[in-house]
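Heads up, the next two complexes both have subunit A, just with different partners, subunit B and then subunit C.
Let's look at the complex of A and B:
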């Protein structure tokens, strides 16, 4: 196959459809057609003018870091350029979106175990590479694992990563805790990272996040949803796990007298019965427990974890589309039809740039 | 106690071995700590140099040469940084390695052939370079002294921004060099420095941003040196700078405006500041920038604009 070069001319990309909006709403992802090669790409647009200088620097760091990484399980950056006051990153189109998207749309009670094995395996492979290069990812989570139409899984979200090599030395322990970086991912982070004490954290912190992500994808709920930050921290530090929910961990809810009946809605019952009737394999339970070990020095590193029986039997990426059915990837012929949203978005942008200018001087 | 002592002498033994790795007696089987193929610094440097030379000649066996380069680079990198399972080598080994690198002129050779080295190898070159650069003996920095005698290294690195595939690697090395005043001085006063005005505006965002960080580092890191440079080259620098402020590229405009504010508000640059604000054209430019639609540009322009105003309030001639 001929290698396509993605140039930095914004006229070469035709925006077709709206794809996703990032968590913090600084970035919008469109599906665009690269006209010279007639291929679909993801067109991620950061509006720098709405960002503070520090946030803009994060975008810069992310772009520079992505350019220096080359691994099959890490989202590659095809091109990046400035158009008006926006920075555009051209990325390969990941047909299924993120694992968290697929889960929210099609698997409200969690992805099948086989799919999670394949996803986790790819994430760990990406982490082996990153850790060997001296980079801690710090934001492993369901929404940062993207799945292509062919079933390949890649890790994204490198905006939050930090290099271990600084001052010409390989730092054994990291201590940096930039609040703005951590805030959106706090529920996925490891206890030693959150504790912010002198002991610091190292690359094993990412393994803990892998464990949390596994629970997220298996249970169908974002971790610590609706739990206060303080309680979340206490639970993590004390090693109280929120385990994979299946028949082995399911505790039938005893109706308490005086409890408001409205709480026990139908959905809740459905969810409970699904949990009570499914059983995850022992290997899966074991692997998440290893990942969620509270003491970081007892937690395995990514390389060792990959030898675990759970990943030996993981299905190859090509099997992922079958496992994710009924979720369908976005391809050439089924672009999501959201022209109205797209148009309203474009109009908003136009209005913004038309803003009437109250001052006027002319020299 | 006795145990501790034994442990110490054992460690000493290892050190001695690693200095004389050629002596057959203390080879790998006795000292498994350093793995099976512990080459001496001289050997690794020699092997790497040969491989880079082969790569440069572009023989038929180019892939093998590339492999050899990558392999030896990893060896050197692991000596300097250690790996996740092993500590970096002792100071003596590192000193030997550095000496070999200087004597063989390998640093320049690596940088000149950077575009021929494979993707991961390029990053390894940067990491080896940055580590060696930081070497200190007391208050001396031997690598900095070495590069001062070989300024081609710096010029080749600055030229790296011309080539997409090595630009970012050269950038990390250049910023590390810019930390040292002697090296920053060579770079600032070279003709190549003015190429940065072009590099910061290239269409690829990542390279342009990286070039801008290097540019900013050179103009702000060493206050006295920078002030002297700006005064000496005022006309040339600011006529180039004007172009950045009027750039089509939003990011260039915003970054250069912010840097201008920082430069003018730095008290080391007092002379430069008075000269800048005495030109009415500059005031006009800032007032026009205050009208820009972008709030961030307005904000940064205001920081520069206030310098004009506060000076005027002090009764400074305009």
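Let's look at the complex of A and C:
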């Protein structure tokens, strides 16, 4: 797979199946076969007509940035080209999809702690690399954490990253706010970034997002789901945290914020009893608290966090497929059979409106 | 050092003015106001056209500024309504990192108010200059802003737009120290098929007008007007003075009309050369933009010698914290007693605003006199202030 060169000729890729639709609905990911090498790749197609000028620029920045990066824990860009009116990115096929995807489909109450340790470790390794290069990711979240069939974890979503070097200087603090009309990652962002004041933020903002992602994957729900953005803002600014939910943090009979109506009750009860009967390790609790430190100057950097006891015992990536069972990766021989979806998708694309189930997965 | 002392004086001044009765009064008044998807914050500035307030986009949580225009007020300003129309139309088409971005326009027909939602900026070059003792920037900082002004101006000119009102008061600074050319109220968009940049009218600020306008020429080169006023701006940034002065507009125009600029000799030779080129009396010989950006003073990065002039605090807040936060506490937590501490900050902000306004009218001498008074009160208010500064984290 390493030796193959992925060319920029769209005729060399045969779309086999629909994989996922990006969160912001500007991109669709297909599974495609690279005919010359007979390998499967992810074929991500951006429809520039559906994007704002700002978002289109983000895609351009992402392609430029991804071409400059080379790290085992960062999603590589195999090739990119323009086909018809679409921008296509050829990416390695990550068989399990994203960690958030696995969670939503197979672990509705949260991934096992051991799996989270392996995932977080890889994300932190990617961040050590990015931060050393002067890049702040600004979009660390479950859906940007992709898992290959072999269990390798890579970080994606570099569209929102920003360089620390500006005006020829390594800036101590950043002030730019991620420019996207959709602002899909806002719930994962750190308080200092959201505050947008003269104090600014630095690479430790990503560490906060790692903490939120840990809670997301462990709790089985997206952070601040059902909470208004402005309430999330003032909670973060005040340092009010929504912790890992297990027996140590479980408070009986207090409904979770955002619950609405009787139909939620049954689910809530099931969920509550699972929470009440599980206990995350102290190391996990501790590492999450360190990440979610409200004051950024007290928060550890990625390099220091990796020395934490929680990651010392983290399982190697090869163990991830076992930890994620019953989730199964997409491989050559089990391509999802959604030819109908695919066909309707192709038709819909022409009709310019699609109504398939959006999967919460975003490269 | 001197500016630091100033801040202290102002802080102490407002401590002395805080009245506990007023705290309660203010808390009643402050409730969350939402316009469209935006949450309204505090006042950032005020102009003849209306107020500029802070806003927060409740979906992206991005800070914004909003220019609130009242039709009633606009009618009283000569060409007020046309100028606003023109500004909206121009800004909608423009997109450059050194030109202010118009994000959204909202209209409330009942109140006859218009809301121009813009990028959020923390400071105005003019206010930054005024916050210093000698009203000027170190050379390297002036250079940093000047090159951005030229980049923005180059974009405007290449889009066929003549700003006509370049001055430190119209140059805004964002959180990341980017300069934004703002206020295109008197700008002129050249006709797409116009043979050249000839203009016939100008409504810009008198002190920044070129000799051809001061002398009442019927027509003149628009681009060269912006070059001149950028030259006056640069002169102002590096010397703290204006090249031309006059007690009345007639005397000022007489002075400009003669066009004899005295450039202080203590400036660097290259800078003197650039200023002479930009402030050339004859627009024909005035240095064009493409030569400015290639000028030795512009392409060379000056050494960072003196301390940076910071963005002056807003009502005592050096960090320029989101002013929408207290409104959001009110909105989400309502009457809960826990929110009292934030209310007191709001109240303090109001107080500070008043004292800041007074500080502008009073001179330094009288304000330092005030600091000697009423020691007991200072401490009681110091507590409130402590809470207030703590709350964002």
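Please note the rule applied: the second predicted complex is superposed on the first by the 333 of 363 C-alpha atoms of A that agree within 3 Å, B and C clash if a C-alpha of one lies under 4 Å from a C-alpha of the other, contacts with A are read in each partner's own complex, and residues count from 1 in each chain.
By definition in this document, contacts are C-beta pairs under 8 Å (C-beta built on N, C-alpha and C of every residue); 3 or more make two chains touch, one makes a residue touch a chain.
Since the model is a prediction, treat every value here as computed from it, not as a measurement.
Asks: Examine A:174 and indicate which partner it touches, taking first as subunit B and second as subunit C; both and neither are also allowed.
Replies: It touches subunit C, and subunit B stays clear.
Asks: Would you sort A:132 into first (subunit B), second (subunit C), both or neither based on which partner it touches?
Replies: Only subunit B is touched by A:132; subunit C is not.
Asks: First (subunit B), second (subunit C), both or neither: which does A:53 touch?
Replies: both
Asks: Applying the document's definition of touch, where does A:80 land relative to subunit B and subunit C: first, second, both, or neither?
Replies: A:80 sits against subunit B, while subunit C stays out of touch.
Asks: Going by the contact rule set out at the top, does A:234 touch subunit B (first), subunit C (second), both, or neither?
Replies: In the superposed model, A:234 contacts subunit C only, not subunit B.
Asks: Identify the partner contact of A:294: answer first if only subunit B is touched, second if only subunit C is, both if each is, neither if none is.
Replies: After superposition on chain A, A:294 lies in contact with subunit C alone.
Asks: Name the chain, either subunit B or subunit C, that contacts more residues of subunit A.
Replies: For subunit A, the partner with the higher number of touched residues is B.
Asks: Regarding the shared-chain residue A:183, is it in contact with subunit B (first), subunit C (second), both, or neither?
Replies: So A:183 only meets subunit C here.
Asks: If you lay the two complexes on top of each other, which residues of subunit A touch subunit B in one and subunit C in the other?
Replies: Looking at subunit A, the two contact sets intersect at 53, 167.
Asks: Which residues of subunit C touch subunit A in the complex?
Replies: 39, 56, 58-63, 95, 120, 122, 144, 174-177, 311, 318-322, 325, 328-329, 331-332, 391-393
Asks: Hey, which residues of subunit A end up touching subunit C in the complex?
Replies: Within the complex, subunit A contacts subunit C at residues 53, 166-167, 171, 174-177, 180-183, 186, 191, 194-200, 228-231, 233-234, 237-239, 294-295.
Asks: Can you name the residues of subunit B that touch subunit A in the complex?
Replies: My answer: residues 81-82, 84, 88, 119-120, 123, 127, 130-131, 133-134, 168-169, 176, 203-206, 208-210, 249-252, 254, 258, 284, 287-288, 290-291, 293-296.
Asks: Can you list the residues on subunit A that touch subunit B in the complex?
Replies: Touch list, subunit A to subunit B: 8-9, 48-49, 53, 60, 63-64, 67-68, 70, 77, 79-82, 84-89, 131-134, 165, 167-170, 203, 301, 353, 355, 357, 359-361, 363.
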